[in-house]
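Presented sequentially are two complexes of chain A, the first with chain B as partner and the second with chain C.
Now for the complex of A and B:
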């Protein structure tokens, strides 16, 4: 993903970050010390985000498949709305 | 140990519930004495302790193997035939308990084994930007997305991101690639 070349100059960039990179992997948890038969797939995401000063931080998180599907569905809604604004 | 003291029914179901809360769902303060006094007040502590350990062990084995109903029946039947095992009434209570709580226990086990942050929530809004003093941009809509992230047992962290339409569509494309991978994975035999 490319960085946005024209960062917005308004006040809210104090609190919000720009997404610089979005990496993902699809993993399968097989087994653990507390559960020998885990067997669940998950989506791991690594975001690189830049704050208003340009400093880049990395944020990682995981989603179960239902969580990912909800995440995807929300983005589709955002896209639908942003198109009409 | 008089088997009759530990017959199945409500106290055992209550015990299994409490054990699940303690072992899987991380509920604090569930002590052996609390359980004995609430559920089996007539049983002396030295008899209750091994019984509790046995039930906890059985529940952990069932959860760890994520037993399906056939495996569960076979496992519980074997337990009833063992020396110092369980009664068939107790087996019936355990079976019923696992069938109704399996999903929730499994979810807790999944959460416990995730050491990264999980996605706890997502909220968003779309702002329509109009011309500003500093910028010549007119009417560029912007999506503000707030992600709520958190590690198991820890407080949430909030991450606020801003996207223009181009970026939203780029992410959508990436997410459709993820979905394709998921479909491929699911369609493959285990």
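Now for the complex of A and C:
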């Protein structure tokens, strides 16, 4: 996951969607039809994004723990940038 | 050998229910080219380098970003970049195929035999088998299954911090905004703006998740994090 690899052309004019809500769940899969004995922790995220008309769309995805930690590191960078700007 | 004899016999006798005939290996009817290319490089490869690369492939299967670490290894191990690419692609495909749903009935001996048929050195076969059939199997197996009972994963995440200096409505506004682009493993991409106040909430939530993870680890001694 790299940040700022190339700025999007007219990013601002294209992006009319806004993040309105962020929900998360930390879970552990203990069993599944493919594998009876699991110990698989994951973070599931539900984002709510509103478009210019106000219509809210929901996006769900999940991350493994290393992926989540990587995600968090990106946020740390964003926070640092916001502070210095 | 006995394996190909059974396969040939099944072909002629049409035994559709015999899934253990070993007709088609876990790598499929056609050997993926990256696996074939990787196999050719393994003979001369330094064993310690192989094991380090294998560790990175296993980590990347679980979603970790190992690109920098892999590049460092390539430099210190004096590996040509093309070799690095071939080795990683081959190892990744090999492991992913061995951990796929259709490989549930794959036995360790069958796995080893099929790798030996590809002329993969004996000692490296052992290392690969210990990954596929070792203690990490349950986690690797479930991560390799998507989709299935799992939600899409994050394939790519990009962000930009924008400063609006002025708009037609407001001169000298100096407004900060965060733009995010999320690409998921199901192929869909989402681009959206995060107002600064929302970002702070998000950022706080993530720190909270990390804290919850740490608490959970202490409570049940699960060892969630590496």
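Simple rule for what comes next: the second predicted complex is superposed on the first by the 71 of 85 C-alpha atoms of A that agree within 3 Å, B and C clash if a C-alpha of one lies under 4 Å from a C-alpha of the other, contacts with A are read in each partner's own complex, and residues count from 1 in each chain.
The criterion applied here is as follows: contacts are C-beta pairs under 8 Å (C-beta built on N, C-alpha and C of every residue); 3 or more make two chains touch, one makes a residue touch a chain.
Source: prediction; values computed, not measured.
Overlay on chain A: chain B and chain C clash in the combined arrangement. When both complexes are overlaid on chain A, the residue A:20 reaches chain C alone and has no touch with chain B. Of the two partner chains placed by superposition, chain B and chain C are both touched by A:38. Of the two partner chains, both chain B and chain C are touched by A:62.
Of the two partner chains placed by the overlay, chain B and chain C both lie in contact with A:49. Contact with chain B, but none with chain C, is seen for A:83 once the two complexes are overlaid on the shared chain. Here chain C runs into chain B after the superposition, and of 39-47, 75-83 or 147-155 the stretch doing so is 147-155.
Overlap of the chain B and chain C interfaces on chain A comprises residues 1, 4, 8, 12, 15, 17-19, 22, 24, 26, 28-29, 32, 34-35, 37-41, 43-44, 47, 49, 59-65, 67-72, 74-75, 78-79, 81-82, 85. Across the interface of their complex, chain A is touched by residues 63-66, 109-110, 112-114, 116-119, 122, 124, 126, 128-129, 132, 134-135, 137, 141-145, 147, 149, 159-165, 167-172, 174-176, 178-179, 181-182, 185-186 of chain B. Interface residues of chain A, counted against chain C in their complex, comprise 1-5, 7-8, 11-12, 14-15, 17-20, 22, 24, 26, 28-29, 32-35, 37-41, 43-44, 47, 49, 59-72, 74-75, 78-79, 81-82, 85.
The touching residues of chain A, when paired with chain B in their complex, are 1, 4, 6, 8-10, 12-13, 15-19, 22, 24, 26, 28-29, 32, 34-44, 47, 49, 59-65, 67-72, 74-76, 78-79, 81-83, 85.
Residues 59, 62-65, 101, 104, 138-139, 141-143, 145, 148-154, 156-164, 176, 178-182, 184, 190-196, 198-199, 201-203, 205-207, 209-210, 212-213, 216, 222, 224-226 of chain C are the ones touching chain A in the complex.
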